[in-house]
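Shared between the two complexes below is chain A, which has chain B as its partner in the first and chain C in the second.
Showing the complex of A and B:
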């Protein structure tokens, strides 16, 4: 009797929890690669899906590639993103499958409009099956139509895959880009004392097109993607951008940077050094009037190019000292500039508020409500100390 | 040598024997005239060494020197038949009977053609002894005796089968064997009531207590070295006349992934092979079901690139993934079955037709997708790694396929729970077949420790005498 009951219970549990109704054959899936979330002037929500065309990519066996386009683009329109999605569904003969979505693009228009970002986040969070690992990128309004039709995608077939691979593999070597996922963006919006950022890109006209996998004809491609910089948000609204060099500073201060290149001009030429293993130590304090942040950036340098500095009069050790000093000086200036820019926008993307909260909770309680004002007036003492670790000496260097 | 009254009248005995054997053509009953009285020689054609019989029985009693003392005259050892029934039994077993003047001598001149000792096809090894049992009981016991030259090796003979009177021998080591198991084996063998035993498989089904389970808890092997090792762990072996398959009782589940070679190879490689077989077991059972459940319910788990090519490959096929896999598994079983039945020379033709033509053509014709073929091929390859669990894997593979296709990962999980519960509930002759999780036994279960450290016999099997080395 007990046995029968247990078997019965097992069957009931399986049937009721398994969700056998959600079974879908893979051949009935329309795999979404990337999405552009947009709005028009009449407050209609627009959605543009880039959907994988499997038979064009496929495998060797299906004779993929050729002239077929790797992705198809579908548009939808509605009073909400859900309605817009339904509008798309009405035009596609397969079930939309967004779990492999690589990138969510948000147009500048949505990003700057009141409540639009909140509505967008609300839509994302309410969907139980959202894949939050997709990249989150803000694009310029003028780029949204070009993106899927006339943009080069490197060695990948689709914009989504291209950007995802790019951000994942290249961020290690290139600190001017970011890898900000939807989840990162959501978390930053919940956080106290830190404003949200998003990745950004712009399209640049180009003539030099490498051979493409996307199935687009060569003459169709006019643009290449420049994925660098940051989009700064404040109170769910886009307030401005940072360029690639400023993004390097953002990555250093938020401890995400690995390596980068710094050049020092001299006599119409440059010396070039690679910095790596940067370490930012930030001390936050409050003196009763202002928040004060002592920032110390340390790092290691590798010499890439220094011929211009080679003078027979000066001893080698002195040249090293000069280079080191110049780099530290330049990084200090750039850091201060980047922070000043964020201060001007009133958007504490670096999370200085959160640092103050962690290091000095009592002071934070006093100034938390007015943090934007305090951030704008905060004092930043920046100090940079880079050491030349590798002089490139494998054997006897060419320049001594 | 004893005289029996009913054997005295030779002519009467002749008629009685003729009647008893119903004039069967292969039973030779010959009257031999000697210088004294007439002797009666009875033997079965084909089971007797006629050369020896001529030399040692017929020639001595037909010489002119024969003086009537039959016991002294024949040049071989003999036994006395006690009565008429005993005489019949001994003749049927293949002995030669010589009746003379009230004496009935039973002489063992049995000889028949047997297969030579060969390497068993189903249990090939790269290292270790190749010899395997054959159909002859005495050859089999001698093979075993040669491995264990010890008076403690005991062979107990039984006769099973109302009509066939098949000789069945249980082998064990006195002092090492688990007495409980031995008693159970004796009792259950005694309970067998059947006309004929042709194979140890019938014995296995009569003495097991889990007829509806996919594993029986009784080991099967054709190799004397394996039987020797197993009875030295306290087990009982059942050798049946007429079959090379020897049963060892009990067998734990984990022993299916063991191989005799594991003990001949060095530790790391042996353990690696065991791990490999364990993985093969899981792949063989779970792969079709798990892949269907992931593809149908959790496509997000697959890498994007793979999913895209999967869609590309399967969008041209008409059937759902589960049906495709079921179709291919069915074909695999058909191929296996026809491959076993066919002569070796045609067997390779079947595999070419099956694997290459049907597999390739099915993909080209768009009947099944290429990934499905890969899944089923991998399943097939792994299923050959553990042949002893063939029944278990074949049945559970289909169960998991059904569960995966209808209930997804949760169905698979419930299936695994059910399978483990079912396996844990089976006990073979009082030993739970999943009982290998004790500290000592783990040294020789999933992995094999160096032989020097394997000082104990399995605790559940050799209950009292578990220490085998110091």
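Showing the complex of A and C:
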């Protein structure tokens, strides 16, 4: 009898406690793929959710899904993001589920408004179902209405999946973009001696991009996503942008860069080289008046395209030396320019303050409270040393 | 499981990235603070906690001390349960009412406590290795995300005093020695208390250090120190290859049984001490009664809220209580022992003889 009761109790427990109180069947979930956070002129918080449309997803064999759009867009408005979400929920026949959200887009309006970003982060950190791993991207105000309509998303069906896949696959091959997660953004905002950055994208008009998106014919595609550069923040506010080339320098100095391409023009021709494995050695010091940073960037080069015209009489070894020198010179100029740009914005996105703190804690204690001023007046001595390791693979025999 | 859940070391002196060093130094203080109880355990081996107190301080004071320890176990039981369930309620199951969470947790806790030390020990040999394995798995899987700059500058922002103060607070939270005290009675005769104690402190130190370092290296001190369950937030960032996402479920899979096991230990200990005081009432009845009491305590909204729990878990409350009960009282008992050594040794011999006789008579009973 006792055994029977125990078996009965076990069955009851297994059946009745297999989920939380608010458990919802997958078919009843509205799975959020990405979200645009915005504000209007009356300081209302606006939310635009891109939801996975399950009826548009079908297997290749069955051809299910037909011509339906892979994602649907829902809008909400409120005095807070929670209220805006409730506004969305009121008009959707499924339960909103944000745990698989891939990207959080912040419009320029929110990113530049006082306290808007900090309000946003407060909401993210308090909510039970928000995940810090979603990408954090700033978009131009004029792009917010176009993003979920008529935008090419490569081989993915949804913008969120597209950017998430980019972050996964392109990190190794492209350094002109940043893949900043919400956690990275929050961490940088909390850290001393470092300002936050976010990824950024803009839409570019295009004709005839073939689309794999369910439900979108070729002619409906009007925009392509240009996902490069970064958005600079200072004290929780967007202060400016860096382009793809400047972002490469950001990635090198923050040890996130893997590879990039540099072109060296000569007469009417140019040489293209790929730099790999860049290494930035940064020494921070303080001379009593200014912070001084000695930056040495080292890396390897591979020749992708060589000069064809007007170089035949010059010895190959000399060309190599000149190329190496010019690449190093170009990288040095670009590095100095990127740092100067950040100094102009007063935003230490590279974390030089944190480096000074780590390497010279005593000096940091003196200047930490005025770091913005010290950063603007800091001296940066940049040195670049790139070595050509591979001369290309196809047009020169190994032994001549 | 308390440090596993909310990592109190992150919110103690020196309040910066050097808290891992605090953890290392705290080992020294843990051993110092545990020495009196360790001495008592070794000296009075074979006696229950009640008998130890009675032997050293006499029957009346001994009973009062036993009650103090019961209150400690009860406090740990209810506080730890509330901390765990608040986390579940905030992060995992926001819609599930607290009464249901309490119900689901308290039933297995009480059942294990009723089953006794043997079942607790056997469960521990199953659950604890799982916990330790997941800590290693998460640390290895999270290596790619770890930024060693998060620990810099190392020991430059903290004074010697800060580190030691933090270490003392951390050590003062270490109430596990009281578990040793109660469970030493159940140890096999050939088991070495000292060896087991140092081994368990070493295991605790190594794995808590791995957890704290993993959390600090991925989240950084500033974020980790404001999270309710920093280690869970760390595990939420970890991905096992591209195909396995949301592996924090693995962390929860071992965290919840581990928490239930720890709570069942407190429930068992409180019931055991009460049973030895009031022999007419069985341990089973005490375990059920105590769990019912804890259920009521945890259902009171002014107690079971994050603000109150933050106070209980902070350096302003918990370390002082544990320090008083697990260090000051045992230290006084040791002093009394040395002052009345001869008399106490005589009582000890008698008590051991009585226990042996009881055990022999139990063994000779026909099965």
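Everything that follows uses one rule, which is that the second predicted complex is superposed on the first by the 359 of 400 C-alpha atoms of A that agree within 3 Å, B and C clash if a C-alpha of one lies under 4 Å from a C-alpha of the other, contacts with A are read in each partner's own complex, and residues count from 1 in each chain.
In this text, a residue touches a chain if its C-beta (ideal position, glycine included) is under 8 Å from a C-beta of that chain, and two chains touch if they have at least 3 such contacts.
Note that the structure is a prediction, hence the values are computed from the model and not measured.
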Discussion item. Under the stated touch criterion, which partner chain does A:354 make contact with: chain B (first), chain C (second), both, or neither?
Written reply: second
Worksheet item: Which partner does A:17 contact after superposing on A: first (chain B), second (chain C), both, neither?
Response: both
Worksheet item: In the superposed arrangement, which partner chain does A:366 touch: chain B (first), chain C (second), both, or neither?
Response: neither
Fill in: Which superposed partner A:26 touches (first chain B, second chain C, both, neither)
first
Discussion item. A:183 in the overlay: touching chain B, chain C, both, or neither? Say first, second, both or neither.
Written reply: second
Discussion item. A:155 in the overlay: touching chain B, chain C, both, or neither? Say first, second, both or neither.
Written reply: neither
Worksheet item: If you count the residues of chain A that each partner touches, which comes out higher, chain B or chain C?
Response: B
Discussion item. Contact-wise, after the overlay, does A:118 reach chain B, chain C, both or neither (first, second, both, neither)?
Written reply: neither
Discussion item. With both complexes superposed on chain A, which partner does A:54 reach: first (chain B), second (chain C), both or neither?
Written reply: first
Fill in: Contacts of A:131 with chain B and chain C, given as first, second, both or neither
both
Item to complete: Show which residues of chain A both chain B and chain C reach, each in its own complex.
Response: 17, 20, 22, 99, 131
Discussion item. Can you tell me which positions in chain B touch chain A when the two form their complex?
Written reply: 295-297, 299-300, 304, 307-317, 320-321, 370, 403, 405-408, 410-411, 414, 417-418
Practice prompt. Please give the residue numbers of chain A that touch chain B in the complex, ascending.
Written response: 10, 13-15, 17-20, 22-27, 29, 31, 52, 54-55, 57-59, 61-62, 64, 97, 99-100, 102, 131, 161
Worksheet item: What does chain C use to touch chain A in their complex?
Response: 90-97, 100, 104, 149, 152-153, 156-157, 219-220, 222-223, 233, 236-237, 242, 246
Worksheet entry | Interface residues, chain A side, partner chain C - complex | 17, 20-22, 99, 128, 131-133, 168, 183, 186-187, 190-191, 354, 357-359, 361-362
